[in-house]
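Just so it is clear, A, B, C, D, E and F label the chains in written order, and each chain counts residues from 1 on its own.
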């Protein structure tokens, strides 16, 4: 039985393609995404409070490296096969080396819906995975030269709204622990699924608007927008196994790998690699990969995790 | 009356450029600016302001012709090629010209 | 004991008439009404899932016809007695032949408050009743000529935000069924009454602003704004009896008949019958009939339903 | 400098007219437009933007004098009598005139 | 064409002044106005529109030169010294000049 | 253990000082504060319903007088020691003679967190305390002359959004009583803490922006912004004892006295004493006193209340 939040997403896409008058003011999008980001951060932070931070270091490091690897895989593909300009190839690659919070939230909902347990500290890995791709993307264009203002870049990355709210939530959740947060759970946790439904409705509307741009970019972008997530998910699954994650955790890590950023990376690229055409990367990320992951990918990645685990008899 | 004529420079561009742009204006000698949120369409397609990423801003700067020239040049050199941007200017008579 | 949401409405009216600084940004109105429309649609959809759709067809058809009838009754009254221009008469008539979602929500709250049961699929009838009046209204002005772009009209009607959200909610609720929706109920159902209170606060502010326009349109509009709902409610009650609805259901159908649109119809008329003065119809619908129905009408219609049912010994 | 003078046409009207208006602009040869949300007062009374129904939009179009004429005429013929609408135009010097 | 030239007066000031300003405009003979929300920077520092208190409004008034003069004077006399305020005007050609 | 909402406030301040991109649209601030003001009003109104209004008259009168006294104490300090212009001194004094709803909400949260009971009708005193300082502030500048348009001033004060919503909530809560409001509690009461957390996040961002203005106003303003609340809290505590309030009630009254307005008073001063520089008063009130009260003051005032009560063996 499909989760209703998926139906909200489809509803948004249809309403968008029908050119309906259903447009929601940007402020509603802001409100909804602020709640989601904080809630995800808080959830992760609560878990961090439960275990010694250092035990997570290996996971954090390897996820950081995965972000670099994914970007370096996508780049040549886009440059040579896709025949994109260097800046565009690097920018798109960075989007796919990073993550999408919305996709992550849907994956979490999928696991909860099907009663699949997973490592609850995933939001921490989510935050970490946002970052390396951005740095790699910039280096691929600018090289490691003096004149790149890395200070500005770092600020750009961490001071962005998305990461700020995730980090803020993580730290607050971490310091407070779950019982202290109980008084704010009605807003951040009880409403979470409903807010996510609204968010997906808006994402559907936005995705639809990007799809209209699709044909002008041709078949390669579409192919890439589907193939890359699939490839990334395999890498994510493998890493999940290496790190000894549960089936659910492996599936979520695969989803993180497969997801493409549409908040942190676009913002950073716009400032640091302005010559890259943002329509290209957002069309791929929002017009193709986001719908693909939400509608088809996540269940697929879960099956993959199940298969892999049984294969290696880890669970 | 002439001595209270100033240039009103209007820049329509991407929201994501706001903080960068504001810094530039300051360094180029503008004493102030006014920003309103906008949406629109141009050579880079529709920017419908459905979310921050495709939102525009409409920036107005009252300044001397020289400062307007400088800002125009800077925009042309650094931002035109890579950002959704439109710029136009006209003369307006201001009250309290000493401010600008 | 009056329902607090009614007090929120009165509060809004008073704050408005006092010319207070209490103005809420349109985006809050948007957010609140999006939640209401989706929630109402979802509620209705859940019920549809419980019964074979076809059994509702008779109700749907007769309600559709009622919409036509109500518009055709209001039109001549406005044209000949009201001495309105043809376009204005048709537009106002269309408003009263259609429905007001806000009024419906208050009626539902009234029934719940007093523990009165009713057919839960009413939102379906709500959606259907929105439509015929619009088409009739346009025909009354343009006639059934070639040059009316019916395609555009139909799109205008169904692509409007209000109907889109109601339909979307209906379909999602229908497909999902109640237990699947349980995860999003905290936002859409538990908060419903509170959100409705906020909505009525805003409606009160808007109604107050329309009231100030009242005197310049004179006594006839006021009389019509009260008499028409009363007449319509009788027709609605009669239809409720014919359809064998419960007392609660009859009262709600009467309320639907009595209510006047202020979202779908104004939007459609603005595009299809622009020569009609929107201030006229909105002053009547929001300045008079909405407050009348919310404050006086609904309890009255309920009494009427009780009386009618006992009269015909149906319950 | 003359060759970079264009007409800035500003239309203030009802939000409900936005999608229709945008289509008209395209057919009449405008290459773009900028829209900001507005509220106001005029011959049709106060439009306070408390909700969509009484919200205004402020539409700016940079174009040639001819296109501006055409848009003006179309507005006058089709929309003036039935919609809250105000329109005015002035000459502005644009950067990248070839865009407009 | 001359007879359809009017003055476009633009006032950028604090949101908190809106209701007062609107009353003034009426008494001074303006037939209408258009307001958009704005943020900005000037001699009184940054007004970032993070909340009502530091939000600006951008008020446009199409009117005769006389009315514009009167409004300008009133602003200067009563509000300039105490409120964040900038004002400028220019001539625009309006459609339906009889409205203004 | 610090309340998480305090962490949200700190998070806002830090994000602000880091010049992050974390800026929330004003409409979110509006939505959140509307919910807070209504909820606080409703809570207070429910309590009023429980007791004869007249019994509260002594408290209301003495709190009103306290508002006058606090303003009259602050004024000469600012005028002579602070060397402020008369208008500025009067305006700042009015801010400190009045109250901050945000600070009140945090104090209430503090009491609940630590299971400290207090007189639940405090919101009534909150509303009353908002008003006298405004009138005194204006008189200090204009004198009691004919040409002050008191009608306009009174309207300005009561028609302001903040007081309107508090009063509206109070009256609705009073009329309805708690069981009638049960249907809207999920929005207004269950979400309260979460909404307050969001509100404090925004206040942190705003406070940070005011802090940057601090150095240019120098040490006196900072000193005043801390000393005045301390002094006021002593007066508030004393009054609490006189009125025979519980320990919790005394602590809250001390907090009310110590808090400085940033909504009602600035708005009123802007219209009635425009020559006063609003940056001065808001820098002190938001940049210094609000953070001081929220982070340090409230626990301090509670200790003071405990001490005072034991001293006078009242409990």
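General remarks:
As a convention for this text, a contact is a pair of C-beta atoms (placed from the backbone, for glycine too) under 8 Å apart; a residue touches a chain by one contact, two chains touch by 3 or more.
Keep in mind the model is a prediction, meaning the values are calculated, not measured.
Between the contact lists of subunit D and subunit F, the overlap consists of C, E. When the partners of subunit C are compared with those of subunit F, the chains appearing in both lists are A. Of all chains, the one whose Cα centroid sits at the greatest distance from that of subunit B is C. Distances between chain centres, each the mean of the C-alpha atoms, put A farthest from subunit E.
When the interfaces A-B and D-E are ranked by C-beta pairs in contact, the top one is D-E. Chain centres here are Cα means. That of subunit A falls 40 Å from that of subunit D.
Spacing of subunit C relative to subunit D, judged by their CA centroids, is 34 angstrom. Per-chain CA centroids place subunit A at a distance of 46 Å from subunit E.
Contacts with at least two other chains are made by residues 36-37, 90 of subunit E.
Taken residue by residue, subunit C touches two or more other chains at 21, 23-27, 30-31, 186, 191, 267, whereas all remaining positions touch fewer. Chain pairs that touch one another, listed by label: A-B, A-C, A-F, B-D, B-E, C-D, C-F, D-E, E-F.
Residues 23-24, 26, 29-30, 202, 205-206, 209, 213, 262-263, 266-267, 270-271, 274-275, 278-279, 282 of subunit A touch subunit B in their complex. Residues of subunit A that touch subunit F in their complex: 25-27, 30-31, 34, 155, 158-161, 164-165, 168, 171-172, 175-176, 180-181, 183-188, 191, 267. Chain contact summary for the complex, subunit E toward subunit F: residues 14, 16-17, 20, 44-46, 48-53, 55, 79, 81-83.
Within the complex formed with subunit C, the residues of subunit A that make contact are 1-5, 7-8, 11, 15, 18-25, 27-28, 31, 109, 112-113, 186, 190-191, 193-195, 197-198, 201.
By the touch criterion stated above, subunit D contacts subunit E in their complex at residues 10, 12, 36-43, 56, 58, 72, 75-76, 80, 86-90.
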